[in-house]
Each structure stands twice: as C-alpha cells, then as structure tokens.
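Order of writing sets the chain letters: A, B and C. Residues in each chain are counted from 1.
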Amino acid sequence: MAKNFSIKHQPGFTAIAATCFIVLYLPIIVLVIYAFNAASSTSEWGGFSLKWFQSAWQNTQVVDATLRSFQIGSIAAVLSTTFATMAALATTRTAPYPGLTFKYAAINQPLMVPEIVTGVALLIFFSRIKIFTGYSGIGYLIAAHTAFCIPFAYLPIRARLENMDLTLERAAADLYATPWKTFRRITLPLLWPGILAGLMLAFVISLDDVVITEFVKSGGQDTLPTYMLGQIRRGITPEINAISTAFLLLSVAIVTLFFFVSRKRD
Amino acid sequence: MATAEEVAKAAERRDVRDRWLLSAPALLVIFLAATGPLLIVLVYSFLTPGPYGDVKWQFSPEAWIAVFLERDIFDDTLSAAAAHVTIFLRSIKLSVVTTIATLVLGFPTAYFMATRSEKTRDLWLFLITIPFWTNLLIRTFAVLQIIRNEGIVNSILLKLGIISAPIQILYTDTAILIGMAYVYLPLMVLPIYASMEKLDFRLVEAGYDLYATRFQVLRRIIFPLVKPGVIAGSILVFIPALGAYVTPSVLGGGKNMMLSNLIELQFGQGRNWPLGSALSIAVMIIVMVALLAYVRNAGKSGVRHG
Amino acid sequence: MPDKPDRNAIEVVNVSKIFGSGEGRVAALDAVSVSIRENEFFTLLGPSGCGKTTLLRLIAGFDFPTAGEILLYGQDIALLPPFKRPVNTVFQSYALFPHMTVADNIGFGLEMLGKPKTQIKARVAEMLKLVKMEALAGRRTSQISGGQQQRVALARALAPQPKVLLLDEPLSALDYKLRKEMQIELKRLQHETGITFIFVTHDQEEALTMSDRIAVMSSGKILQVGSPWDIYDKPAERFVADFIGETNFLTAAISEMANGKARATLKSGATIEATVAQGFQPKPNATVVVRPEHAKLTKGKGELSGTVDNIVYFGTDTHIHVHLDSGELFTVRQQNTRSAGCGFEKADKVGILIGSDAAQVLKD
C-alpha cells in the first residue's frame, strides 16, 4: 500500500464534519458583520458603522428588556442552583431508598416535556392565580424560570458529587469534624466548581428562554428574547443584529468560563 | 439500651428523612411551576371554552373531538379536520426528517471530533458547545438572514448567474427544516461525541485484524458501541423539534404552522383554551410514546452489548 | 521482644456485621472476638473479602456492628460516630484533602478539636519533622509524590495523638522499594510515638516483618492470633499454614501426645517428632505440615523417599519438587551457593530428612 493504513479514517467523514463546522458558524458570522452595517437595510452593505449599537443602546425598550432578562436570570439562577445543589446532595452517594427514582424523574421532568406544553400549562395556571391574588408581577416569570433551570443546574452538580471521593468526608469525620463541619470544610469546597457550572448553565438557560416566557409574561414584561421575537416578526432592522451580537458576546463569555470551570479537575 | 440494629435503623430513617427535606424545595418548585400545571391542562381539555378565552366549568368532550375531527356548522356531522391532521403530520414529518438530517451530519462530525488528538479535542468540543449555548432565537434569526430572498445564498447564486430570480426558501417547510437542523445539530453531536470519546479504538483494530472492511467496522463495531449516544441525541433533537415554536414562527411565516403555533393560536385569536389544552396533551402523548419506544430500544441494545 | 504492659487498648467482643437482608444476607464478620494490647503493632491479615477491612471500619466508626461490643480502654464505642472516637485512620487511598496544603491537612484534626492556633502550629511542625516533610509544608497534596502523600497521611492521623491508629493497607499503592522503606519507617513511628497500631494487609510478608502480633482472618472469622513466629511455625489450621508461606501437607497417625508434642507416623512408615496445635482432637488421619526449608534432600535414605519431579531456580534458593513414593507431593527449599548447582537432577531417587523440630500437627 502506498499510503499508511489509518484505523481511524472513515471516507467522507472529515468532509462532512468540516461542512458542519462551517455551516454552524457562517450564519452567525454574517449576522455579526451586518450588525456593523451603516445601511438601514440588511440586504446591502453601506460601510462600517456602530450606529445600530448606539441606536439599540438608546432604545428604552431594549434596555428595559435587557435589565428584566438579567434580573430574572440572576434570581432564577441563584434559586435553581441552590435548590439543585440540595437535591443533588439528597440524591447521590446513597444506597437506593424509597422515592429516589421518583426524585430523579421529578427533577428531570421539565426536560421531558416540550416547552410549548409547559408554557401553555403555566399560562392557564398562573392566569387563575393572577385573578385569585391580583398579583401580576415578575414573580411568575421567576418561578417558571427557576423550575425549568433546576434540571440544568442539577446536571453538573450531580456529576461532580458522584465523582467525589467519599473517603475524603470519612477522613474528615475521622479527624473529629462534625457532619456540618465536614460539609462546610470538605464537601462544599470540592463541590464548588460543579455549583459554579450549574449557576452559569442556569443563567444562560434562563437568558435564552423564549417560549415559556412568551406564554407566562404579562403586558410590559418583555425579556430581551421575547422583545427580539416581536421585532423579527414585524420586520428586520440591523438593530436586531446589533442586539444579537452583544447577546452572542455575552453567551460566548459565559460558555468559555463554564468550559474552564467544568473542565478543571480539583 | 438500644441495640446496635435499632440504632442503625433509626440512623437510616433519619438519613432518608433528611434527604427528603433537602430535595423538598426543588421538588416543590418543579411541582408548582412545571409538573402540577400539566394536570390542570388535562382538566381544561375536558371543559367548555369561555367567550373571551379561558373556560366555563362545564364538562365537554368537544375539545378532544376537535383535535382530529370537524363538526359541520350546519348538519352537525363529523369529518376529519383536514387542517389539524395536516399540521400534526407536518410536525411529525419535519421532526423526523430533522432528526435524521442531524444524525447524518452529526455522526461523522462527532466521529471526527473523537478521533482528534487529546489536545485539539477540547477545542472542537468548545466550538460545538458555543452554538449549543447561544440563544436559539438568535441562531434562527441568523439562518433567516442567510436564506431570505435578499440573503447571501440567493445573492451569490444570482451573481454567479446560476439563477435568474431568487429562490423562495423562506416561509416554506424547507426553511423550517433547515432552521431546525441548524439549531438542533449540536444537540445531536454532543451525546454521540460523549459515547464516541469513550470508544476503545483497540476494538476497531481488532475488527480490521479480523478482516473487516471500513464500512463493516463502522456498522458492526463502532455504531453498536455508540448507539446509546445516538439514541440520546435522537431524543434530544426529536422532542424539542416536535414542540418547536421559535423556528416555525420565524422561518415558517404565518402559513406553515407546526403544532406549537396551532396551540398558541387557540390561546390567542382562536380563544379556545380547551382545544389548546387537548392539543398540548396530544403533543405530550406523542413525545411519551417516542420516549418509551427509545427507552425500550435502548434497554434491548443495552442487554446485547452490556 | 520487649515486654508489653498487660492492658488492652481495644477489645472486640462477639462482634458480627451482617450486610443485606433475606436471601442476600452476608455475614462480613461472624461473632469475632479479639483483644489488642496497648502499644502493640497488631496486624489483621487475610485475603480480600475476609472481613479485615470491615473490622477496621467498625473500630473507626464508619460502620456499626450488627451485634457485639467494641471497647476502647473498657468503654464501649461501638455506636459512637467517628468524630467522637479518639481513633484515627490512615486510608488506603490516603484521602488527603486536595484543596488544602500539606500543613493544613496535618492540622485539620487538631483544628476540628478546637485546639488553639499556636498549639496546632507547633504540633504540625513537630509532625512534619517526624515524617521528614518540613520542606513541603506549603505544597498542595496533588503536587507531591505517592510516598510523600503516604507520609502526610500518617502525620495527619498521628497529629491528634489518637489512642489507636488504624492503617488500612496503607502501603499497597507504593512500589516495591518504597514499600520496604515505609515498612521500616512505620515501625520507627510506632516505636517513637508509642501509639497502638492496628494494621490491615493481605501481604503476609509485610505482616510477618512488621507486627508484634498477627490475627489471621478468613470468611469473617479470626482463625489464629499470635506472634509472627507462632503464625509461621505453629499454624493451627490448614488455611493459616497454606495462606502464609509455602508448606508441605502430609497425612499422619498421631501417638504419644503430651505437653503439646507428639509422635507422627507418616505414610512412608517413618515416625517423626511434631508439635501439636492447640485444640487438636485425636483422630486417625491428622495433617502434619513441614515448611520446605525445614527439610533436607539426600541421596541416601530419609524419613520420606521419592523421585525428583522438577527443579526451580529462585536466585537465593532452589525449590526441588519431589514425588513421594506414598503418592504425595513434597517441596524442599535448598539455599544456593555460587560454586555448585543444587546437586540433584530430574528423576533422581532421593530421600528427605525431616528435623526433630520441623513438623506441626494441625487441628483440622
């Protein structure tokens, strides 16, 4: 044979993979380029300009929706990560006990149901409660986001816990640490990267949500994604490109951080 | 004095109780803001629609009948609800095709990633993770800008003289399909990559040693071993594809509805909450059936290869 | 051997540990009783699954016995949680806290006991010196070698001055040379600190070289407790004789039993003197064991006779496998010299000489 036989080679696979990576990034790159377009239409190139970023920055609706997204995202992320951490501690590193399988199923349930169905269910449920209590604030969105963020936050925390060496906690107990001290001095510090990863995941998931928010929000409670959806349906201006670009930048920053935190080994 | 056995039993009971207390907040939030309301949807699907949305508390099977059948306004006869059936079939078809398309593209991609050197593998994983965590709406919007009549695909084809007028892709089923395959591709690649990364390539060597061709190695050795990842990826793509809302809303325009748009309609202009509820439950049933089928399949292959 | 005071540090009384229930019930420990004296180096020796680690975990408090008592200087600690027992453990995997420095690891126990900072600092310095790790006090535990991790684990467990130190196969992860070094180091530490050591191992050589006394365990039971010499030269049961070292089993008729000695008539017709295991009940076919190094091969006549089957060279010595005329197999170990071979060849007719103090009659 002229060429060395490579056991890992499969014909055409590299070409398909290359196509996939190009296709995945091409639309995003085009979107970003047009954010810097001076023309007011996205079909022609009118030179480099930052005016659409400026216009988005001065658009009170955009600023308002962004702030709301961050508000909901941070509260939901903190709550869901806290609850997910507790649940992960309760469902790992134990012999099977009555209700354990139920807990797994319950925690992962939001992942099993299409968002549209959850959205509809919450619309119905919360509209009843709104009539009953008269409260129509942002609390509903926070509750909904917290619920669907829990399974995502739970994932890395549980994985970290399961890989954690039980003998470390045993060693602490052997060295006179009470259960609470063992948790604070050994379990929690070692679990921290998992919790951080869960927190970031939950934040990104909350920030990205369109469907459930669209159904749960009351008037004037647009988040950035629902505001953008409304704009896109109405017609496109490069302002959406500018907002998307800023949003993308934030996502990439969080993913990069997440990547390093979750890859870090002790 | 308590015996050792009694003490151990008491400790175990305390442990289980503590574990319930610890998981209570998560379970409660999920029950109140995710699982519980689903039960209300089920109840609503058997009620009578209210005049301005919402429901009247009066039992009625009409919503469920209306999922697939149409009642004639004049003579009250029932016939197949052509519009609903079309949307159901289109949704299922588009979801299945999306799943297959992402599998055909995603499997070689995952294989490519898994066969890179340890160092560069992380980079490829990172490159696939970025779109995965990038807002779905933004990615759909990015596709929209590419495929619309003034988008770069059409512009390039026009400039090259291959076509004389822009091809209408946007607001067609093809547009929805392209959009869904694009946004869900990372969901297929990641689980397959996860199984592929664990694949022991000495088994592949053994396959070649025993006279298998490249295709036979792929079909008889690699594919069966990464099947759990393929199944996971297919579930992860099929479920959100069936309930997709953003992609058909943005790329399908108003005409090419999928199930989620039909459901939304009942809670908006349609003002038929029971029908919307029944449709939602129907979507969930399809998802559950698909899940069960996959789980059973996974179980079987697990026995064979475990 | 130095005199040991006659006080018991640990008394294990009728301890059973049963895992699972119903059909899957497994008795990891079956009514085990043993006393461990103050200041001794005591070893639990046995194959994996014999219950030695379970017993250690019960003493440490990581598990609780299904029945029985565990006394520490007369006080029952069987149901106390681990953090309330003045007993510390060196773990097989060392279990060093990866997010702390070497010094923080060593000081952890004292910190948990609420000792003042200055005292902890002094004690940590003392322990670092004891295990010769002063230079690496500020390192993370992931930045030091396996042998160094081992020393830190020891220092950490010794720092709170426990009444008993438990060691769970602590040397198993080290390579051969380092293991030999650490065996000596452990003996030195035990001597210097005067703390009672309970050591778990499956390595018979390790047990023989380090221990004051050894308990041989199998299937959840302690078969024999004694000094290394007792265990090796006077095994009570077949399992003990077989598990430790190599040995030859012969069938014999026992007569003239008195003062722990007797005469054993072998199948060859020859009669040899033998010591008798405690608890031996007279029976027609008793088992006699003779270690390979306690027999001598001769071209003339011996107590046994047979044909050389195989000769295996081991460097320090040569093992000569003999097929006895009675049908049994017998191995003789012969020290090598540089100048000559072993002096025998395959298929040679040989006699085997058994010394007057070479044989032991087993109880089973």
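Throughout what follows, a contact is a pair of C-beta atoms (placed from the backbone, for glycine too) under 8 Å apart; a residue touches a chain by one contact, two chains touch by 3 or more.
Since this is a predicted model, take the numbers as computed values, not measurements.
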Using each chain's Cα centroid, which is most distant from the centroid of subunit C?
B
Reported most central chain by Cα centroids is A
Find the geometric centre of each of subunit B and subunit C from their Cα atoms only, then give the gap between the two centres in Å, rounded to an integer.
60
Measuring centre to centre with CA averages, how many angstrom lie between subunit A and subunit C?
56
Mind checking the centre-to-centre distance between subunit A and subunit B? Centres are C-alpha means, answer in whole Å.
17
In the complex of these two chains, what residues of subunit B are touching subunit A?
15-16, 18-23, 25-27, 29-38, 40-41, 44, 54, 105-106, 108-109, 111-113, 115, 122, 126-131, 133-139, 141-146, 150-152, 182, 185-186, 189, 201, 204-205, 208, 214, 218, 239-240, 242-243, 245-246, 249-250, 259-260, 263-264, 267, 273, 276-277, 280-281, 283-284, 287, 291
Quick one: which bits of subunit C touch subunit B in the complex? Just the residue numbers, please.
64-68, 78-79
Which part of subunit A faces subunit C closely enough to touch in the complex?
165, 167-168, 170-178, 181-182, 185-186, 189-190, 266
Within their complex, state which residues of subunit B touch subunit C.
3-5, 7-8, 11
Going by the contact rule set out above, which residues of subunit A touch subunit B in the complex?
5, 7-14, 16-17, 19-21, 23-28, 30-31, 34, 42-43, 79-80, 82-84, 86-87, 89-91, 94, 97-99, 103, 106-107, 109-110, 112-125, 127-128, 143-144, 146-148, 150, 154, 204, 207-208, 210-211, 214-215, 225, 228-229, 232-233, 236, 240-241, 244, 247-248, 251-252, 254-256, 258-259, 263
